[in-house]
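Remarks on the structure that follows.
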Amino acid sequence: MSVLVDLNIPHMGSVENAKLIEWRVAEGGAFSAGDILYEVETDKVATEVEADAAGILVRQLASEGDEHKVGDRVGLWAPAGTDAAAIASALEAFGARDAAPPVAPAPAPASVAPAQPIAAAVDGEERAQLSPLVRKLAREHGVDLSSLAGSGPGGRIVGEDVLAAASKPAAAPAAEGVRAVPHSLRRRTIAKRMTEAAAIPTLTADMQIDLTALLARRTADNADGRPASIMAYIAVAACSLLAGKHGGLNAHYTDEALLVSEGVNLGVAVDTPDGLVVPVIRDAQTLDAAALSERIAKAAASTRTGDLAPSALEGGTFTLSNPGSLGPVIRAEALLVAPQVALLGLPGIVQAPVAVERDGAWQIEARPVVRPSLTFDHRALDGGTVIAFLNDLKSALESL
Amino acid sequence: MADGNDTQLMGYNAAMGLALLEEMRRDETIFVLGQGVATGGWFGAEKGLVAEFGTDRVIDSGISEAFEAGLAAGAAIAGMKPVVNMGFGDFALIAGDEIYHKLAKWRYMHGLDVPMTAVIIFPIGTMGGAGPEHSSCTEVLGMHFPGLKVVVPSSATDAKGLMKAALREPNPVLFHSVQSLGWSRGEVPLDPEFIIPLGQAAIRRAGRQMTIITYGSMVPRAMEAAERLAAEGIDAEIIDLRTLVPLDWDTVLASVRKTHRAMVVHEAARTAGPGAEIAAQIQERAFFDLEGPILRVAARDVPLPQHSDLEAMCIPSVDDIAAAARKLIET
Amino acid sequence: MTNPPMDEALPEGVAEEMFGRMAVTRAIERLMAKHTREERFSGWWHPGEGQEAAGIGATAALQRDDYLWYQGRGCSWAIGKGMAPGPILGDLLGKTTGATGGKGGGVPHWADYSIGVMGEGATLGSVFPLAGGSALASKIRKDGRVSLADFGDGTSARGTFHETLVHAAAWKLPLIYFCENNGLLVGTRLEAVNPTVNIADYAAGYHIPGITVDGQDAAAVYAATRYAVDRARAGKGPTLIEAKVVRRLGHYAGDPQHYRRPDEFDDYRDPLDVLAARLSGNTAARLIEEADAEVSAAYAEALAAPSPDASILDRNLYHG
């Protein structure tokens, strides 16, 4: 039995694709338990893979930048204390540097002339190896053939290769004054998710909430040593309703049924330099404003530093988006985080002229006001349901 | 009384004969002529006809191929519907003027828009040792002299259906019956209105990776090759042309645009055979859909030797077809 | 070989009818001789001057629906069977008024099935199996029609002459083989390539009657053809008629005819003159004048008619 142990990319929630970004331990280097072996980027998050135990990274089998799937073997390691000679002989048995996973070698084809590998470089002499189909598809899709490797007989570029390249975002040659920014895995995933979300029939209902009472409450709590963000108070009120009479908004839509969740796993949209990330706070309805405020802050921080565990992105049942924290946006409509049926967006808080009744007469006063938008999946929810929720939210917040 | 779905197991030549019987019953202007037809025909296609129609309409001729073919033209011009069995496709060359000038060109030369029905039966291809002057595949000639229609049935059912179509066609038809399929059997529809229209190819096997265009004796061989290829993971589509003039280009081109690879298989010799025209038109009309060159699998360019073992070496085998298909995938 | 006994009498009016058609034929011949000298002509015109009595005399003995398969020179057969000068000249000049719509040229392909003019194949000898085919059709249908195959002496060497005649004789097809023997194959004398100069000699080998007639005499030709027609309609089978004719001009218009003997035409008898002797008064002169007028008018019309455009190229390839 070999002393070498396979180093496989660990499963991380529901992700499939994992790109190896950077080795943190050199080949032959030693590591301790908890040391970071390599960094990997998935559909949802970039993360670091830690060693479970002490050992030596005997062989790196994957290169930085390679695209893999979770579970793929990327290296070989030996536990600390393994005999060096044993390691050496095991390596020898393992075979050449770029050996495939051990399988029976394929029988050599009998008396077949070796196929001429087709150089990836496409110049006049190689033109004859490009089939008419390839040239047509390259023309139609604007694919630069000189950048392609071929999967056809003898390494020839075939139609499928061109189509595959066309479906990937091309590293287009930059025009004068234009810089091409290649898409990261996350950006591509966001694009895909957004496109799917845009297909859902949604509507958005807006409501105006007077924050005078909330701000007074916040001041009092702060003074009591329980600081909380405005967003947190709104979140607490919303979660209470979602866990109670407005459970229909705390659900996933499927063709067969509406999956209503008991607890509110609150997704909080966080804007990062690399795109939108939505960490999830499980059972948020159990938290008060201070606790929720702290959790939200921590989640946002982790997201920005990249410390977020992949499981922290799973299982959201309702999402809260706060673009108002970034600037005085007037409206906060958003695309749903499918399959969730509702999302509450908070725009900027403004001092607005509000009509107030005093002594039987109407007067205009300046009041702190927020006009949240509730975007909802119209397959699952109707306007009445949503407006009822917003009404209750307004009442709750205006009577804090 | 046959209903629409009745079929009967019968041979290819017998199916031709059944078509003749049915059509001669419904149309008294049809008559059959050729060497030995009144004695049932050399290859059995005319069996039983003289018993029903007599020697007025089932007429033995002497060894006069030019006369037989020219007579077909003259009788057709005079309003009859002659069926002349020339005995062997090779004899088309003896009757060349009569078939490829007179039959093909008469109406065009004389500016006549009139129907002219004549079916010339040419048994073609090898039959196991008949030699170079009794085994030729001459169907390409009908493609080169405009004014004729050309069919090559690959099965008993198609032999019946196409013969009936030919006898209802207002233009001369060269009916190339395939010698090596003469006794091949199939479930042939008994419905007297079962007709296979001219100009319609049949997709015998649907596939995704390549298109094999073939007809006649090579259809069963191509089908067998496709089974072997399927086991190797190569999925071939097989088109049986059935009619060479007019050729069903729509079916052929749609298939090639789908599979991007094409090859033509026929028993006729390679150089300037029907495959040459088919390959030329495919690359003219679907060049930018092709992943590779169009291959042809055909008989060797030699007069076919008389010994049946040598003869078999000269015409495409199942192995030859499969090997060409593999080459097509690997190119 | 002696001829079988035949009725030589010419029924009332036939001579005049024949002369009228012969005059039209000759007018066209003279016209074409002039036209091919003075105008551009597509192809080569094969003049039939001197041989008119063969075509005129034979067709006079045929019925309207009898099948005529002609080959060779001039236009006596088509005119004799009832075609008008208009479609004949139209085709020769390549105009849309021609019988083929303008495709015709030196080798005529005039056809009109309604009067039994079945057309011409340009390969000499194709006429035999075609005529055999229509004769067989008549036999099967029992329609009483006769098929006549017109050919030249040289064409009798074709295999199709023999292939068709053995079957026609065996099956007693209603078929007439009519040979216009002018003794020349373009410029080759018949005796250089044939064991006999008497084509009628072949008849004995097929066990059918062979008739030799003076091809310059339309009445004699008529009688011989009538005999053969009666025989065929009676179901007695084919007859071989050999008409000795004189080809007065070259094989084609423009042929320098170096092969001619100096005394070749010393005994020449113009078929118009031979037939005119049977007409009284100035009938012949009148008919010639009428013929010339008719042909002149038809010629003018043909000259004025349009030529076909390219759309004719794809016509008549297939029916339906």
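When the chains are written out, they are named A, B and C in that same order, and each has its own residue count from 1.
The criterion applied here is as follows: a contact is a pair of C-beta atoms (placed from the backbone, for glycine too) under 8 Å apart; a residue touches a chain by one contact, two chains touch by 3 or more.
Here the structure is a predicted model, which means the values were calculated and not measured.
Asker: So how do the chains connect up here, line, ring, star, complete, or something else (other)?
Answerer: If you draw each chain as a dot and join those that touch, you get an open line.
Asker: Which chain is most central here if centres come from C-alpha coordinates alone?
Answerer: The most central chain here turns out to be B.
Asker: Measure off the straight-line distance from the CA centroid of subunit B to the CA centroid of subunit C, and report it in whole Å.
Answerer: 40
Asker: Between subunit A and subunit C, what's the gap in Å when you average each chain's C-alpha atoms?
Answerer: 96
Asker: How big is the gap, in whole Å, between where the Cα atoms of subunit A centre and where those of subunit B centre?
Answerer: 64
Asker: Could you pull out which subunit B residues touch subunit C in their complex?
Answerer: Within the complex, subunit B touches subunit C at residues 31, 33, 56-57, 59, 61-62, 64, 66-80, 82, 97-98, 101-102, 106-116, 146-147, 149, 170-171.
Asker: Would you tell me which residues of subunit C are touching subunit B in their complex?
Answerer: 67, 69, 98-101, 103, 109-111, 113, 118-119, 121-123, 126, 128-138, 140-141, 147, 159-160, 163-164, 166-167, 170, 315-320
Asker: Touching residues of subunit B toward subunit A in the complex: what are they?
Answerer: 260, 287-292, 329-331
Asker: Any idea which subunit A residues touch subunit B in the complex?
Answerer: That would be residues 131-136, 152-153, 158-159 of subunit A.
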